[in-house]
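Shared chain: chain A. Partners: chain B in the first complex, chain C in the second.
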Partner chain A sequence: MEVVVLILKIYIVLVVLIMSGYTLRHMRFTLSRVRGEQRIFYQDILDDDLPTLAVLIPMHNEEKVARHVLERLLKVEYPQDRLEIIPINDHSDDKTEEILNEYAEKYPSRVLPLHRKEGKRGKPAALNDGMAKATGEVVLVFDADYLPPRGILRDMAVSFKDPEVGAVMGRVVPENANHNFLTRLLDLERTGGYQIDQQARHNMKLVPQYGGTVGGFRRQLAIDMGGFDPNILTEDTELTYKLFLNGYKVVYANRAECYEEVPEEWPVRARQVQRWAHGHTQVMYRYFLPLLRSRLLSRWEKVDGLLLLTIYMVPIVLLLGILDSLALFFLGEMNIIDSILVFVYVAAYNSYGNFAPFYQIASGAFLDGAVERILLVPFLIFNFFFNLWYVANGFVAGTLDLVFKRGSSWAKTPRFRDREASV
Partner chain B sequence: MLKRRLRVCLIAALAISLAGLLWSVSAQTPTPAEEMATLETPVERMVEGWERMPAAIEPVTVPETILAREDDELMEFSRSIVISAERHNWLLLIQFLAVLVLFLPVVPSLREIYRPKDDKPLNINMEYAKDPRYFDKAFRHMIKGAMSNEDPGMQMVSLSKQDRVEVIKSTGNQGNGEALDHILFVTGDLSTEASARFDKEIYVSGRAQIGKLNSLRALVCDGDVDLGEGTVVTRWVGSPGTIRVSDNCVLGVRTACDEDIFIGRNTFFRSLYGKQIHIGEGADNALVMNENERPESLYQKKQKKKRKNGQLWMPRRVLVPSKTRRKKDIDSKRDLVIGEDSHIEGNVRTRGKLTLNENVIIEGDVMAEKDIIIKRGCVIRGRVLSKMSIYVAEDFVLGAQEAPRSMIAKGELEIGEESRIYGSLKAGTELQLHPKILVTGGIFSEENIEVAYGCDINENVFAQGKIAFSRAIKVGRPGSVKSVIAKKGINIAGEGTFYGLVSTDGDGVVA
Partner chain C sequence: MLSLGNKKKKPEVVDISKQVIHPHRAYRKLVDVGRRGSFIELLILSVPLMAVMYFLFPYLTYLNCYNAIHLLTPSIPEEFIHLIRDDYLANTVYFMSIPGSYPTMTFSFITALISFLILVIIPNIKIVPKAVGLWVGYLAFVNFVSATFFFFVPNQFPYSIRIFSELYMKTEVSMWFIIPLLLAAALLPIPSRLGAKFGVIISIVLLDVVLGIVRYFVFLYVLHHYSFLFMALMFFAFGPLVDFLYAVVTYSLFMRNISAEIRKDIRQWKWSY
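Then we have the complex of A and B:
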């Protein structure tokens, strides 16, 4: 029994240390973004010789949104002889194919659809086929619900002039933020995630994450690194780590902003979060040790890379920590350290740890000049518990994949845009 | 649906808090002290007080000696118990108030949900596209759209606010030393006297000839522009023609045109944009290099520092003999030295430091986890990457014209004199180019860049720190736009030619 109690106590201390690590990380990011020196991005570079681009848009049953993204891409400012738009119809059984063919007929030299009717369905497999068809030096990826502004391709493509840049990530902004309570909360989450978190990592030369949409990478490099694994549900996270392990960087372009549609229903959001956690967990198991062993990353890149890699493990660590503390309480063994220290820690954690992401979100909204929506921050506690559960589910699924060596299937996020694109 | 549930939850929570509050308040009427005052004896009072004492309070054993007495001491004891009970009620009150306070942050949140003030998507300018002449084009468009006519005289025009605009048809001199505090709209050419001061924008449909020591806020001109010596511009100058800037001028945040810009000596700037930017007489007309224009080598500086700290030592190393011919990769876990005149047809990787002696040729990629030292006359056809610094001596060749490659150092990067880099360079800290180097790609640094005499860089130069150019520098190629961008400042020591944009958030200085 004593051994069990000892293990439970050690685990509690471990949880405290892990949470403290994340607390400090969030605080440091916020300070870097709000008070620190900002690294300039490449978008101010004017260059006539931009790289040739292939814009890939994976689509599975996207009849509601397909026209919007294609219309926007046909209006972008980029040399037409250096741009190919490749919408990938991935096993759609709605009118997506029809719509793509219509655009291909109308713009034969610009829209080059790829119809996938065989092989594994899912974004990684679709991107592999898209890369094989493309000829551009750089691939930019947009999900079908995105609405790219006129100057975004140039702003992102120019970053590849730097030979060290392997991938670029732009900023995602929800266009249906005002639809309901959920979309308003997701809008806040995005603000914290991009305006603060990604920009801070870019400032501090850490590990900004390639997010799989509103972003791009060097096509040949991705092919040389083996393309995308169709069994990994977060091919974007995998690419991020592959690039860093091969001596390349991911950079973040805060000004390359693009509208997206966020889920408008809680069950859809649950599936999305669960898929992210599932895929991220798969990547974690695959890249944890290579990242630790790599000699191409700096010490701080490794620390940030590991914290990012294990971030979807935190909810389950926390859940187990809560159960552990209950067990210790009923065993009368909570006297781990001096009670005042525990009190101080809990108070500090609740002020700056648990709510540090919220602090980050509020700071992001402030920088965006969207001050009134900061008032919604207390409601993010709903999201916290909601995510806690579904992320834990995703983590378990990813772990089971590893244990039973099973494959995983892609779950598409449904679209809600029955209306015309509002922006 | 969700809003309704939320409303029900919050009303329920508030109702519970309120009920708790009312209960704790009602628990005081009558107060325990008042109730106890109705009891007859101190012992009765003590027993009553004892019963009222909540379980959470530490039980007290009443001493036998006290139970036996009915005096003042007993009275005091029973009073203390009554006070404990009262305090307990206050604690309850505080607890319920605390619960109530927990809901306070939610009150403004509810307001934002039910009466949203800020629920629109963040604004993205969907039509935004980069235009280096944005300022002058926007002003031209705005003022021409706002003017009712172009007849000479004063008009009130609505721009960002109501502004006075004076329209003149003039080829004569303007300005008499006094400040002009309204916008000037010139239908024709403009020339100004010395020391004229214009506190508002000027639009000129012809040419603009600005006299010596003028002070301008902003100038947009449809023809060519000449800025006289010592002119100070606080915002911008824009023209579709040519801009000539005399010596000792201070340019504002942007000076942009579609033709060439000529910049005199001792000029300060933030951003210059033109088809071709000539500094002084231009790079082709620079005088020959002086010996003192060779920068102090980064490698030498590092060696000096090491010597001073007593850190020079010879590590264990693998030596590839001179004149080796090898058609395989080399992979070493220690420091590696490749002897002179060797030819390796494969990749070279080492976990230590890599030294290439004179005239080594490597037909593959090179990667080292420590410094890479490349001596005179070496050729590398592949990509070069070091987790630390790279120091390259003279006459080095990277890549080939038809197969450009890049060289990336996480630390310092130094390229020796008269090297040819077919590709791009990137340094994690300082980047130094010695004289007369050709770089067909761009150069990038996370800190500062130093470019010595006569370097020719075909693409962009980008630094998170400062850039220092010596004389006879060329950046870009005729007929294409390239950029020089430094966050913290750009210093141009003398003649140079730049194609496109030269821009900094810090101070730009032409010496």
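Then we have the complex of A and C:
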């Protein structure tokens, strides 16, 4: 029994060390973004020789939003002879196909729909087919619920003038933030994630993440690296690591803001988070060792890359930590108070919000000029328990994929937009 | 449409130029105070308060016990209430010991059953937001484990109120040190007077002390009158996590006020480049 208790105690200390590591990392990020020197992006470069672009919009049953994204893209400021818009109808059985054909008829040289009715459904497979059809040097991807503003394509495309850049990522801003309590919390999470986290990584030349939408990459490079694996549910995370392992960088464009629709219902959010965790876990198992061994990344890129790669493991580590401490409690071993361990235990609790800690989110909202929204920060504690459970589920699913060598299927995020978007 | 006979009106000129152009949120940042400046600010905000708390915590824990004794005396005979003094962090901490009560098997069984039902039902009720349902589920799970333990092996329960009391008080003292440090770090990036930041940290610690006193009495009362069964719930759900929540609530109020105050004050903001 003594050995069991010792193992349980060691695990608690390990949890605390992991949490403390993440807490310090996010504190460093917050200071870098709020007060530190900001790394200049490329949008001030003026160049007539912009790359040719293929804008891919994967769509599966997107009749509620398809028109909005297309209308916005038809109004963007980018040389028309260098732009192709390819909406990908991925096995839709609603009116998506009709809508895309309608736009193709109306704008035959600009909207070039791709209808996928065979093969595996899902974003990675759709993007592979889209890349094969496209001719542009650079692929920019938007999810169907996004509302790209006029200047965004140029802002992102110009970064590819730098030969080191393999992918670019813009900022995601919820357009339905005021809809309900959940959307407000998600808006706060996005603020912490983009305004602070991504920009700080860009500043510090670490590993900004290509997020799969409002972002882009070099088309031929992605094809040469094997395209997207249809079994990986987070093709964006995989591309990020593939690029870094091949000596390319991902850059973040904080000014390239694009509006999206965040889930308005908890079950939908649950499925989304679970899918992200599932896919991220698949990528973690595939790229953990190659990342460690790579000679193309700096030491800090590796550290940040590993912490990013294992971020979805943290909730299950914490969940096990809670069970561990419950076991210790009933074994009478919680009486560790005569030592420094009380500090350590309390510190673990204090790091509960490490997914995007409270100070990071509040600082991000502060930079955004938000006022009343900041008052919602304490309510993120509910989100923490929610994430804890569904991310842990996704992590287990990703692990089971590895153990049983099973495939995974794509779960689409339902849309809520029953109102007219301002197109 | 103007008729031909009308004198043409000179169009009114509207000045649409802005008095002040604020930096876009993507480019905003605050004045950099440098690593040394940040470190000094961190020390100024945290160390003096931590030092004061170090000298004060014996009195505060004594005050805590004094209040609990005062409130508990009507329901518990005085001879059963003990004030204990112990060493902690090379100083003295006070806590109490009172008799606790074990749950009956029936009480444990009913509590386990109710907790189990809550655990299964609440997270799956559609009208309850999933996040709230999971939080309630977590509370029910901890209570279910505890009730099951007391149903099967009540004699194996390793704690008395004395031990719980000691654990609670030493955890509280630890929080009084951690909160100033944590909040000082969290407030570092924010442009506000040092005095204001110091004030907010002091108020959080004071709030924690006052609410900690109330909590201590409630915990002892529940453990004495309603059994040890709820000890796990108190520790895991209403322990340090609640201290953390007080801190974040007060911090967000402060941040809200500062944001409202300076968001249009151009002098505070710097362009990224």
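Note that the second predicted complex is superposed on the first by the 402 of 423 C-alpha atoms of A that agree within 3 Å, B and C clash if a C-alpha of one lies under 4 Å from a C-alpha of the other, contacts with A are read in each partner's own complex, and residues count from 1 in each chain.
One rule holds for everything that comes next: a contact is a pair of C-beta atoms (placed from the backbone, for glycine too) under 8 Å apart; a residue touches a chain by one contact, two chains touch by 3 or more.
What you see is a predicted model, and the numbers here were worked out from it, not measured in a lab.
In the superposed pair of complexes, A:A362 makes contact with chain C only, with no contact to chain B. By the touch criterion defined above, A:L375 lies against chain B and chain C together after alignment on the C-alpha atoms of chain A.
Look at A:F395: by the touch rule set out above, it reaches neither chain B nor chain C. By the touch criterion defined above, A:I45 lies against chain B but remains apart from chain C after alignment on the C-alpha atoms of chain A.
In the superposition on chain A, contact of A:V34 is made with chain C only, not with chain B. In the superposed model, A:E164 lies in contact with chain B only, and not with chain C. Of the two partner chains placed by the overlay, only chain B lies in contact with A:P174; chain C stays clear of it.
Legend: residue contacts after superposition of the two complexes on their common chain; A:S325 is shown touching chain C, with no touch to chain B. Once the two complexes are overlaid on the shared chain, A:F385 sits against chain C while remaining clear of chain B.
On chain A, the surface touched by chain B in one complex and the surface touched by chain C in the other have residues 40, 181-182, 257, 368, 370-372, 375-378 in common.
Per the touch definition, chain C reaches chain A in the complex via residues 24-33, 38, 88, 129-132, 134-135, 138, 142, 145-146, 149, 157-159, 163, 166-167, 170-171, 174-175, 177-178, 182, 185-186, 188-190, 232, 235-236, 239-241, 243-245, 248-249, 251-253, 255-256, 258-260, 263, 272-273. Only residues 39-40, 42-49, 72, 77, 147, 149-151, 154-155, 161-164, 173-178, 180-182, 184, 187, 191, 205, 247, 257-259, 295-296, 298, 368, 370-373, 375-379, 422-423 of chain A touch chain B when the two sit together in their complex. Of all residues in chain A, those touching chain C in their complex are 27, 30-31, 33-38, 40, 171, 181-182, 195, 254-255, 257, 266-267, 269-270, 322, 325-326, 329-332, 334-335, 337-338, 342-343, 345-347, 349-350, 352-353, 358-359, 362-363, 365-372, 374-378, 381-383, 385-386, 388-389.
Looking at the complex, you find that chain B touches chain A at residues 2-3, 6, 105-106, 108-109, 111-113, 116-122, 124-130, 132, 273, 351, 367, 369, 385, 387, 406-408, 410, 423-426, 441-442, 444, 446, 459-460, 462, 464, 480-483, 485, 487, 500-501, 503, 505.
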